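Every chain is named by a letter (A, B, C and D) in the order it is written, and numbering of its residues begins at 1.
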Amino acid sequence: MDRSNQDLLPLFSVNNLTIAFPGIGEVVRDISFAIGRGETVGVVGESGSGKSMLARAAMRLLPSQATVVRGRIMFEGQSLFDLGARQMRSVRGAGIGMVFQEPMTSLNPALTIGAQIEEGLRAHGRMDDQAGGQRILDMLERVRIADPRRCLRQYPHEFSGGMRQRIMLASVLLMEPKLLIADEPTTALDAVIQREVLEIMGEITRDLGVAVMLISHDLGVVGAYTERLVVMQKGELVEKGNTRDILLRPRHPYTQTLIGSLPSRQKSSSGAQAGAFAPGAPLLEVENLRVVFTRKGSLPFTPATTTDALKGVSLTIRAGETVAVVGESGSGKTTLGRSILRLVDRSGGVIRIAGQDIQSLSENALRHLRRETQIVFQDPYSSLDPRRRIHEIVAEGLRGDPEVHRRDYRSRAAAVLEEVDLPASFLDRFPHQLSGGQRQRVCIARALIMRPTLVIADEPVSALDITVQAKILELMKRLQRQHGFAYLFISHDLGVVEQVADRVLVMQAGRVVEEGVRDAIFDHPHHPYTRLLLQAVPDLHEVEPGAYEIRRRHYNDEPAAPPGMRFDWQNAAGPATLIDVGDQHRVSCVPLMSVVSG
Amino acid sequence: MIRLFRSLGWIGFGPSLLVSVVILAIVGLVWTPFDPNALDFAHRYLPPALPYVTGTDHLGRDLFSRLLLGASTSAAVSGSAVIGALLIGSLLGAISGYFMGWPDRIAMLVMDAILAMPGILLALAIMTVTGPSVAGLIGAMAVTFTPVVFRVVRSTVLSLREKEFIEASRALGNRDFFTIAYHILPNCVAPLTVVGTSLFGSAVLTESALSFLGLGVPPHVPTWGAMLSDGRNIFSQAPWAVIYPGLAISYLLLGVNLTGDRLRDLLDPRVKGHI
Amino acid sequence: EDAMPVAGGSLAIALTTDIQGINPGVTRDGNTDAVINHVAEGLVAYKEDGSVGLLGAKSLSVSEDGLSYTFTLRDGMTFHNGAPVTSAEVKWSWDRLLNEQTGWRCRSWFVPGGDVVIQSIDTPDAQTIVFNLVEPTAIFLPKMANHQCIGPILHPDSIGADGKFLTPIATGPYKLAEWKQGEYVILERFEGYVANTDPKSGFAGDRTPYIDSLKFMVVPDAAVAKAALLAGDVQLSREFTPNDLTELETKDGLKVYSSDSFNWKLLLFNRKDGLFTDVNLRQAITEAIDIDEVAQIMSNGLAKGNPSAVPLLSNFHTSVQDQRPAFDPANAKAHAEDADYTGETLKIMTNRRFQDDYDTSLIVQEQLKRAGFNVELEVVEWATQDDAYYAGGYQMMVYSYSPRTEPYLSFELVSDTKPDTAKAHEIVSDEFTALLRQAATTLDTAGRQAAFDAMHRVLIEDLPGASLYNPAVVSASTDRLMGYSEFGVGHPRLWGIWLAE
Amino acid sequence: MLYAFRRILMAIPTLLVVAVIVFTLMRLIPGDPAQLLVGDMDDLETIARVRKELGLDQPLLVQFGIWILNLLQGDFGNSMRNGEPILPTILYRFSVTAAFAGTALLLAALIAVPMGVVAAWRARTSLDYALRLTAMLLVSMPTFWVGLILILIFGISLRWLPVVGYVSLGDDFVRGVLYMLMPVAALVVGELASIMRMARSSALEVLQLDYIAHARAKGLSERRVLLRHVLPNSLAPTLTLIGITLGNSLGGAAVTETVFSIPGLGRYLVDAIYARDYLVVQGCLMFVSFIFIVVNLLVDLCYPLLDPRVKL
C-alpha cells in the first residue's frame, strides 16, 4: 500500500463491531466510526454503554470472557484482529497508546516512574540511543513535571492524582503513537486539576499530530476538547458527527436528554435567594468549628500525625434553605457534614441545632437529634448494607421510635418509596439489585422517613450518570418544596451547585474562603480560588431552546480586595477572616500589613 | 477429565462431594453393617471381602462400619471445633474491631500470643490438660483456630467501619450493639464462610495429626483421622486399615477445599464480577 | 548358628525414645537402662530364670547368720580407662550411691527405712568386698541385681572435681562413644573386657562383646521402626507386638525372637471408689474376664493368662499361683448383684502410649460387656494415668509393671504397710504385711514359697486388681545376626552376638 | 532499623502473655514430673525428694517469678528429666528443624508461587483447573500419611533413601540431602496448596488492575507483564502467609519429625509434654513464639522491597 493511498484511508476505523459476554449478551452492537490522522474524537454515553469495551477492543485487551462476535477494527490499513500476538504488541504503545481512567491504579506502585517509562520504550526498541534519556526528560517537562530527573527515580505514590495522570500521558506519548485512546482520563480528578490535564493533553497531541479518542460520560468535557463526537447508548451508536453541530442540533432523543440533563442555573426554587435575609431562628448554627484528626502512629512510640481538616468554619442555615459547600478535594467538606451529626468529634467551636449545643447532649438526646437531622451519603454503593432488604433499610430508623408499631414498618417504607418514585415492588430487593440512581433514592427515602428538618447531602449525585443525576436533583427539590426542609448540599460539582443552591460556601484547605448568595458567587467571584474553580469547568450555554454551545466561563473584571487588604490565599492554620464585600457576600482577606510583618 | 469436571459443573463438584459425605454420615448414624465398636476375635486382619467391605482390624472390628460411623464423628468433631472458633472469634473480633481502644488491645495481645504458638503443639498441650476426650479435642482445636477467625473478622470490621452504611446506621440513632448485630456481623458471613471451610480442612488434618502424636478421640468415637493413625501400627499386616481412612479423608478434604474455593469465588465481590 | 563368633561390624538398634542420661541408675528409664546396661555393671545381675547370678563378682559367700555378703571381684576386671578394678573403687562406688546427693534411684531400698539396710561395707583386700546388713534378708541380692538400679561400679574419675558426673568410666563390655541427644547413642566395644567365667545367662555371666560398635537410634514411631528394619536402616528392632510375629516371620532376611517376660499386666481396681469398695464387685469383674483369651489375643497365641503376681517364668510360680476366681460370667452376674451393681457405667482408664495397654483394655471391655457390665474406656495420656495411679481418681485401670524377677517385689506393688500412703488399689492389712516380711526374711526357698502362696491367696480374695498376663517380648533382626535371643527382663543383650559373613 | 527495634519491643507483651498461658497450661496438666521420673519404682520418698530438687514444692507464683526472671537473663533452666541446660538443646534442635522446614517452605514457595501466578493468568481454563486440582489433592493428604507412603515406596520398596536417622548438612552434605529428601517432600506437599491458592488469588486481583492493562497496552510481552508487574505486586499477601507458615512449621513439624525420626524441636517439645518436663515445654514454646514473631517481623521488613508505598 503506497503512502498516498494510506493517507486517504482513515487512521483508525471501527466497522460493525459487536462484542458479547456469555450470559450477558451483546454489550457493544454494530458500531462503526472512523478517526482520521490528528483528529480528536469524543465518545460519550451513560455508564455501562460499552465505551470501555470499545477502547479495550482496539487494544485487543478485552476481558478473556468477552468475544468479538463480528466486525473489525482497522488501524493503518491492517485489521487488528488478524494480527499475530507479536505484531499486535508492536501496535500497542507504538501505534495506539492508551491512558486509563484511574490515575491511582494505572501505574505500577512497585516500580519507579523511570523504569515504567523506559520499559515501554525498550519494548519498541526506542531506548537504545543516548537521546532516549533526554527525550524522556523533555516530555516530562512538557507535561509540567517540575523536576523530571528526580521524578524518574520516584514511585507513583509520591505523586498526586493529577500528576500521575500527566506522567501517564507523557509515558504514552513518548512512544509516539498515531492514536491516543483516553478512557475517562480525568473522571477521578477535581475540576481544577481535570482542566489542567486535559489542556496539556490537547496541547501536546495537537503539536505531535496525534489522533485522540477521548472517552467520557461528561458531555461538557468531551464537547470542550474534541472536534467530532460519537454518542453511545446501551452498546449502540446513536449519533455521530461534528461536536458543535451535535450540541446545537441533537437529533437522537437520547442525545437530547443527555444535553437536557446538563445542570444549569434556574430561578431559585425556594425563593430563598432572598432567604438569607429572611428573619427567623436559624436551624443550624456552626461557629468556628475546628476538627483535627489525629492518626495514631501505626506503632506505639511513633509520633501521631495530625490533619487539620477544619480550621474554624462558621455557617448558618435557616429552615427551607439550601446551602451548598464547594471546594477542592480534601478541603473538608465531608468532615463538615459529619461533624454536624457528631459522627466526627469536633476539636473546637460550637454546633447548635435548633438552638441546642449538640456537644452537651446526652447519648439519648443525641440519638433523638440525629433523627431530626439526616444525612445522605456520597456513595450510593457503600451506604446501603448489602445484606439487608430495601424495606429493612428504609424502615431502620423507625426502630428508635416507640410510637411506630413494628407491623407498620413495611407500609411506612412503601409510602416513602413512593415519595421518591420507587415502586413498592422494590421493598424486597437487595441493594445490589438496584441501579446507582435507585440506590440513591433509597438513601434519600431512608432519610426522609424520619421526617427530618435538615438534610445533609454529601455529594449525593457525584457517582451518578448525568441523566440520573438530573432526576435525583429534581426529586430533592420537589421534596424540599413538599416538606420544607433545609439542605446542606456538599459537592465539588459547580454545575450542580449552580442549579440547586441558594447560598454557596467555597472551601479550601479546611477554611471558608468565600461565601455568598449563588448569583453573587457565580457572577462576581472575588476570591482567586473561587475564580480558578469556576473557570475550570466548561459551561454549556443554551444558545436557543434545545441548542447549546460550550463556553468557558470567563470573568473580565478583576475585583479588588478591600482597601488595605489582600485576598487570603495561603493555607494558614487559623480560621479565615471573612470581609463583607456587600450583599452578604464575604471573602477571606488578610490585612496587607500582616504580610509585611510576617 | 477436565471436561468431565466442567460438564459436571466444576461449581457443583466440591459441594456434591460434601453432600455425599453428609449422606454417608447420616447413614452411619442410623445403620452400620456391624457394631463399629464390637471386637470379634475370630475375624481379625480380614482383607476387604464380603461381608467386610473394607476389611477388619487387629481386634476384628469391621472397618466399614467404623468408616460409616466415622463420617459423622469426623464431621461433628471438626465441625464443632470450627463452629466454636467461628462463634468466639467473630464475637471478639467484631467487638474488638468496632470499639477499638483497650478491649481491642487486650484481645489482640491474647490472640497474637495464641497465634504465636504453633497450633498443633498448643492443641496438644491443651489436650493433655483436658484429656483425650471429644470435648477436649474440640476445645483445643477451637482455641487454636480462634485467632484466625478473630483476625479475619476484625479486619473485615475495620474495613466495614469505613463504609458509609455503618455511619448511616449511627446517623439514624442506632445503638452500637444493634449496629454490630444488625449490620456488621451479617456482613462478616461471607469471609467467615471461606475461613470456615478452610479451617474445617485444617481441623480434619489437625485431628488426625493429634491422634498420630498420641492424643486423639477415645476409641468409641472412630474419627477418620484417628482410624488412620491407629491403622499405621498394623500397616503391613492390614494395609486396608490405613488406605481406606486415608482415602476417606482425602475425599472429604477435596470436597471441603473445592467448596471453599467455590464459595470464595461466589462471595468475593471482586472475583464475582468476573465470573 | 553354631558357627564360631567373629568380631567386628556394627549394629544399629531402634530405640523408641532417647536415653535420659548417662549417669547409671540416676538418670534413667527403661530405654536408658537397656543402653547403659552394656556400659556399666554391678557385682551381680539377673539370670535367665530371674534368679541372681554373678557378674562383677566371680564368687559370693553369705555368712551363716545371713548378715554379711562377701564378694570376690572377677579376674582381670578393668575400667574403660584401663585402670584395674579393686575393692576400693567398688566401695567408693557404693558409698557414692548411698549418698543422698547422688540421687541414685534405689538408694531408699538400702538405707534405714528400706527393706534392706546396709550397715557397712568392708574391703578386706583388693579383690574382696563385704556388705554387712542390719538384719538377714532374702531380698538383698535381688535388689542389688536389679536392672533398673544396676549398682554400677564406676571409676572415681567418672566424677569431676566439682562433684558433677562427667561420663561413665565403668566396667561393661561396651564404652560410651557418642551420645547425640535426640538422635543416637553409639557404644564401642571395650577391648580390655575380661568376661566372667560363668556361662551367659540373663544379664549375668559371660558378656564377651564381638560387635565393634552399637548404634542405638531414636525412632519414636513403632510403625517407622518396623519400616526401618525392613529397609535395612536398623538391624535390630524391638518394638513389636506378638501380632507382628506372623507377618515378620514371612519376610526374607529377617529373624524373629520372642520370649515370655517378667512384665506384669493387670486390671487395677480403685478400692476407695464407690462401688469398688465392695469386694463382690471386684470379684464379679474378675470372674467376667477370661484372662486366657486376653493373653491369647494379645500374644497371638504365644502366652496364657497369669492370675498371679509371680511371673510364669519364675521358679516360684507353682500351681497354687494359678488359682483364681474362675472365669464364669454367670457367677459374675450374681456377684455383681450382691454388690448392688445396677448397670452403672464403669470406667477403665487406659492410655495410648503403650499400644498393648490400650488393646488389652479394649478386650477386657468387650469381655465385661458380654458379661452384662456397662463399661467405658477412659483413654488418658500416660502421665495422667500415672498420676491417677498414685493419686486415685479412677475406677479401673489397665496397668503394666516393668519386669520384676523377684516375686517379693511384685507383691510389694499391691500392698502398703501404712494406710495414709497407700495407693488406691493397695491392700493394707497386717496379715499381708506379715507375709511380706516373712518372704523377705525367710532365707530358705520352701519357706518363701509358702509365703508367696499365702500372699497369692490373699490377693485372689481381696483383689486389688485382676492379674491378666505377662506380655511377651518380640523382636526381629537381620538374619545375619547370630547368637541373639530375648529374655524375660525385656532389655536387649548385645554381647555374645556377632554378625555373620 | 528503629522500626525493627520497636517491633521487638512490642513483642514483649505478647511474649509475656505467651509465658502466662504456657505456664498456666503446664500447671493445669495432670501428672507429676517427679512421679514420672521415678516411674513404677514406687517410692514416695524419692518422689518427694525429686519434687523438691525440681523446685515443684514452691508456690506457683514463686515458680513463675523465678522462671520469668531467669528467662529475662537468658537462662531457660535445666531439663527436669536429665538436668541438661535447655537453651543449648533448643538451639541445636531448632537448627535441625529450621534446616528441613525452611528448605521445605522455600521449595514449596518456589513451586507454588509460579503455579499460582500461572493459574491466575490462565484463570478458568483447563490449565488453571488442573493446577488447582493437583494442589488440592496434595493438601488433602495428612502429612504423616504422606510420610509413611514415601517411606514405603522410597525406603522399603525401592531402597533409594534412608528411612530413619538424620545427618546434618554441615557434617556431610550429600548424605544430609539424602536424609532430608523425604521429610522435605512430605512438608512441601502439605504447604504447597495454601501458598498456591494465596498466590493465585492475589495475582488474580492484580491482573485486574489498570496498570496491568497499561503494561500490556505499552506492548510488553506476557512474560514480562507476569514477571515484572504481576509477580512483585501479588507477592505481599503470599509472603505474609509464608511467614506464618514458617513460624508455625518450625514448631509444628512434630509430626514430620516423628515419622522421619528427626531430632527436631517439635519432637523435643512433644516428648517434653509427655514427660511433663515443664521447663522444657515452657522454654520451647517461648522460643518458638519468639521465632514466630521474629520471622513475621522479617517478613514485614521485606514489604518495602515489594511495595515502595510501605514506609517503616
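Couple of notes before you dig in:
The definition used in the following text is that a contact is a pair of C-beta atoms (placed from the backbone, for glycine too) under 8 Å apart; a residue touches a chain by one contact, two chains touch by 3 or more.
Here's who's who by UniProt: A = Glutathione import ATP-binding protein GsiA; B = Glutathione transport system permease protein GsiD; D = Dipeptide transport system permease protein DppB.
If you're wondering where the values come from, they're calculated on a predicted model, not measured in any experiment.
Set against one another, A-D and B-C show the most C-beta pairs in contact at A-D.
Farthest from subunit B in terms of Cα centroid separation is A. The centroid of the Cα atoms in subunit A and the matching centroid in subunit C are 87 Å apart.
Mean C-alpha positions place subunit A and subunit D at a centre distance of 50 Å. Taking each chain's centre as the average of its CA atoms, subunit B and subunit C sit 44 Å apart.
Subunit D has its Cα centroid 39 Å from the Cα centroid of subunit C.
Residues of subunit C in contact with at least two other chains: 221, 223, 230, 353, 380-381, 383-384. The set of subunit B residues that touch two or more partner chains comprises 128, 131, 214, 232, 235, 274.
By the contact rule set out at the top, the touching chain pairs are A-B, A-D, B-C, B-D, C-D. Taken together, the subunit B residues at the contact with subunit A in this complex read 163-165, 167-175, 178, 182-183, 186-187, 189, 274. By the touch criterion stated above, subunit D contacts subunit B in their complex at residues 13-15, 17-18, 21-22, 25-26, 28-31, 126, 129-130, 132-133, 136-137, 139-145, 148, 193, 197, 201, 204-205, 208, 244, 247-252, 254-255, 258, 266, 269-270, 273-274, 281, 285, 288-289, 292-293. Those residues of subunit B whose C-beta lies close enough to touch subunit C in the complex are 38-39, 41, 44, 58-59, 127-128, 131-132, 214-216, 218-220, 232-237.
Residues 63, 65, 338, 341, 343, 366-368, 370-371, 374-375, 377-379, 382-388, 396-397, 399-400, 443, 446, 450 of subunit A touch subunit B in their complex. Taken in their complex, subunit C has these residues touching subunit B: 221-223, 226, 230, 243-244, 246-247, 293, 297, 352-353, 355, 358-359, 362-363, 366, 376-381, 383-384.
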